[in-house]
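In structure tokens below, several structures.
Here come two complexes built around chain A, the first alongside chain B, the second alongside chain C.
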Partner chain A sequence: MGLLGAGTLLAAGGLRVYAGRPSHAHVAVVGGGFGGATAAKYLKILKPDLDVTLIEPNRRYYTCPFTNLYLGGLRDFESLGHDYRELQEDYGVRVVPDFAEDVDVDGRRLKLAEGSEIAWDRLILSPGIDFRWGALEGYDEAAAEKAPHAWKAGPQTHLLRRQLEEMEDGGTFVLVAPENPFRCPPGPYERVSLIAHYLKRNKPRSKVLLLDSKDNFSKQGLFMEGWEEHYGEMVEWVGLSNDGRVIRVDPDRLEVETEFGTIHRASVLNVVPPQKAGLIAHRAGVTDESGWVPVDPNTFQSRKAPGVYVIGDATEAAPMPKSGFVANNHGKVTAAAVVADLEERAVPKPTWANTCYSVIAPEWGITVANVYEVHDGELREVPGSGGVSPSGAPADFRRNEARYAEAWYAAISQDVWGTRPPG
Partner chain B sequence: MESRVSAEVSFSVEAGLNMNNKNDKKQRLPTPVPESGPANPGRRRALRLLVAGLAGAALTGRTPGLANNRGSAAWERIEPARERLNGATPKDGAIKLDLPGVTQDGSAVPLTVEIDSPMSEDDFIEAVYLYAGGNPTPELLDVYLTPLVGRARFSTRIRLNKSQSVLALARTNRGEWLAGDREVRVTVSGCLSRDDTYDFDAVMRTRVRVPERLEPGQIGEVRTLIDHPMETGLREDGEGQPIPERIINEFRAEFNGKSVLKARLYRAISANPYLRFPIAPNGSGEATFHWTEDTGESVSESFRMETG
Partner chain C sequence: MVVVPVLLWSGDASEPVDENAVGAERAEAVARTCAACHGTKGGFETDIPSLAGKPEAVLEAQLLAFKRDEMPGATVMPRLTRGYEDDELRAVARYFASLEAN
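This part shows the complex of A and B:
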């Protein structure tokens, strides 16, 4: 098992190397989001004597889930923040507020930005996504300051909210949606729904235009039904075959150009850019030419680097969507696989589940749910395991679904971060 | 995979009307009225179908294109490809196929074919044939190129019934054969599946983008799309009746009357056939694009292109 020897802090030529306790296996987890924080917690639940280090630069993590409710004026931003006190105090996870900069797979070391190193026996990466800046012409990091993505929760989310508040009544909000795969397949559609809600209340002469690089999207029929019901003409979706694919962004003029040459001008422009696995996955050499991480479906161990496990949005886990729900499931299944591996036991047979709730208007929710398994060495949906909410359902059904969404958020936050009531 | 029944998604197509501003130049034949199904000519209607893509292919229950000798080269395993080669052995790995390794939407998989060739009068790729051996019928697209494309590269969107390898064969003007293939994993995702409805009023509406002005010797890019369901003949309507095959089966691009690119489309080209290809015009003139449906109906569009 290659455990390192004595001491928690080894001096090696002036370099600080943290290796955990002698004769205890040490698992390092990168990223304290849905995947990483779950994995760290469940490693300790499954094997309390394990040494677990979580590396996450932010002391407070804000979830992407429910930022759309914040943008729509239905939720306070601080209610989306969570911290690592439960992991540290109740579960004994060592939380290091730093950024993992590089991985030495053969030497089983992790290099941190502040200069220290971590020696691990097993490594779990859950870094989420990064953007492929420039892959969409004109859309780079500087452009995002004018035309925000708000696809990571934080300053970008506030920027978009501010722009909506400053937008004139009668303006056009334009959202540019990417090709698959990307973080949160129903996310762009929930976002335009709740921004339409905000505009309908506050700037009712405005328009919402969604320019899409796809002809199909998640829960399409239900979204369109909801848009028609709540927002009528205000929301317009233009799919790929209707010249919805944007090929160029002009962040200064807030204009976008589609592939057949239509120029759309926005009052507020929200670009959800093409994506890839978080940087550390590329540094670790575990990504392939798609920019995502291929994994062994039973364990989520990297196909390229033994001992390195990758979970959450960074992975190629189709047909599972890139959702917080799935990342949380990955965290648990992979914690079990890592513990089994360390104890030299057979890996338990995994199953995963996902439910994506989307809120279209206050008290109006829709759902898609599925269960996943490994079949013939590949991930698949368990046949007949899931589905979407019925179309044409009565208002009390939709109200219940919106309440399930709220309850889900409270429950998963509890499960991942043990979030205590604010106080 | 289950099929789901839901409301007609007609809103999208109406709301999404966003026509190319060149439409007034279009010479268009009357939109044909579908011959089968509960037709109600003149009124827009959405046809409710089972599931996206070629999933209806399950009706046939077999894949005639796929022989049982795994381990051999992709071109050896697909019967119509072997017939096309007629005994010739292609140079394998000489065609670059750009396709996603994993796709969650088999109804529209983006595909780019690229071949290293000078595309000069005496050395060019004359034909490219694309196959998907795991589909109910393996033929995808035949493309005939001329030096007027400037570069042997084009893109389209295809239907893949299941995980399989996509094969390309190419023939040079000297009669040499090239081959290339690529594995694609197709996963069914309930998160993305939807009812496939179609607005027949839009059928045969075209979109084209051509460069209006090019420098001499510069290679421009053409994008074309035609609204069409590309009905495979393998699906059923809401009443369980088979929907007859109805596809665009030919596309031609010409410059001053000379062929730039010609394509034969099969039913595994995605709905709303899309073709993107280069153009290297030898002077100023008129670019014309023709689409033909298997009913014999056709549409053309012409654009002026200036060089220099």
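This part shows the complex of A and C:
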């Protein structure tokens, strides 16, 4: 029986179907990232007699948060890896290391790549993002081997780091940033900050150029202030109105072409491509023409498939950003909604928050924080709450926010995966 | 476990209950949000303090002082606490105080 372990295994024409224990409701969760791992853990906290199965192909999950610190030489990559032992051993989540290939919504089955199936009473999908390969001309999977995105943590992150190490002093690092919506709105700006930090120390004649398809971005004033303070002329940002929108990538020549025909040549080229919800959301039929998943704001149940809930980056949840913090909060709210639904209780009033830390330089952090609610059937920021760090704040304020960024990383990792050292 | 059927699942938009009094369920829902920085059940100590088992009066006074911008040098907490009613903050203080210190 191997990985699936005890439980009800229905033999259907030689197919293994895992259905949880009889007379216990079974919730399947796809994706062991910020959203899915949190949902699985909190389902067990809220209702310990529930059967919860988490499907995630990777035995170790590496976070995107803090990969920018790794790229800047400020963090060891292994410190960004987390596994599922604590969820399994302390919380009783069944973890299946496999990839979910398809969803049968009416039959309430999940088909796994290795051939087995999972029968569920409720399904939560937290698959994160996929890239819209080719939507930006010239940028496909093969191009990413030369001009990395590094927008999922793993080999791409290492490739970008290696290219930075091999870059000559006096070279140009170019980052191409997409239109909204995309994973981690402040991410591209934090990335150029910390790559500038690395270059300033190691290759001080180099340049950092950010070509942007937008005129406005997250924490813009604070990033600009930080770049001025720490990197001066080294960092240049070109927005949409100044011909910043890239329309074509040539991965062999490491060149990009903008809307009005300017060609920029890079020494190292980092393209953050246009995005959509992860594959399984499309297979489940819960996405709309935008490529993302519309949901009921109170529960994050799919608007298209009853019994299927979708959380995290894959969803249309504006004004909430696509952040790990938000995905973690989605996991908790949706776990509570699923438990209420199974117990035939009224759905509790939801509440979510977000805090996105960005590190511009060592000891120099900034934040945006918000609280969200449902009002007249729509998600919104709670009036009067939230905002960004003050501009012109003294150095000790920035130092505290950088310290709290590290503390936040440790705490949210504990809340999602736990604190077991790598086994 | 006591199961009180109040509203049956109706397939589409489920209407949430809006309680006036801040009950334990609401307090815990808000408190779960805090866990992203303070650890599960507020019990993880880093440069950001653990909250579990701290005196209720202290937690309540601090949360309300954050909300009223009376905590010099505070970073994100004033912006976050302004997203909640005073009674919700009091209920959250009571909840964390009721937990065992780590």
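Note that in this section the second predicted complex is superposed on the first by the 413 of 423 C-alpha atoms of A that agree within 3 Å, B and C clash if a C-alpha of one lies under 4 Å from a C-alpha of the other, contacts with A are read in each partner's own complex, and residues count from 1 in each chain.
Keep in mind that, in the parts below, a residue touches a chain if its C-beta (ideal position, glycine included) is under 8 Å from a C-beta of that chain, and two chains touch if they have at least 3 such contacts.
If you're wondering where the values come from, they're calculated on a predicted model, not measured in any experiment.
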Please work out whether A:378 is in contact with chain B alone, chain C alone, both, or neither, and reply first, second, both or neither.
first
Going by the contact rule set out at the top, does A:107 touch chain B (first), chain C (second), both, or neither?
neither
Counting only touches as set out at the top, which of chain B and chain C does A:408 meet: first, second, both, neither?
second
Is A:400 contacted by the first partner chain B, the second partner chain C, both or neither?
second
Identify the partner contact of A:351: answer first if only chain B is touched, second if only chain C is, both if each is, neither if none is.
second
Return first, second, both or neither, reflecting whether A:42 touches chain B, chain C, both chains, or no partner chain.
second
Kindly classify A:299 by the partners it touches after superposition: chain B alone (first), chain C alone (second), both, or neither?
second
Who does A:227 touch here: chain B (first), chain C (second), both, or neither?
first
Residues of chain A that sit at the chain B interface in one complex and at the chain C interface in the other, please.
370, 384, 386-387
Touching chain B in the complex: which residues of chain A?
179-181, 185-186, 214-222, 224-225, 227-228, 233, 236-244, 258-262, 288-290, 316, 318-319, 321, 354, 356, 368, 370, 378-381, 383-384, 386-388, 390-392
Which of the residues in chain C come into contact with chain A in the complex?
1, 3-9, 11-19, 25-26, 29-30, 32-33, 35-40, 44, 46-48, 73, 75-76, 79-80, 82-84
Chain B to chain A touching residues, read off their complex
1-2, 4, 6-7, 9, 11-13, 15-18, 20-21, 52, 100-105, 107-108, 110, 185, 187-195, 207-209, 223, 225, 227, 271-272, 274
Help me check something: in the complex, which residues belonging to chain A touch chain C?
41-42, 45, 296, 298-299, 301, 303, 306, 325, 328-329, 332-333, 336-337, 341, 343-353, 355, 367, 369-374, 377, 382, 384-387, 389, 396-397, 400-401, 403-404, 406-408, 410-412, 414-415
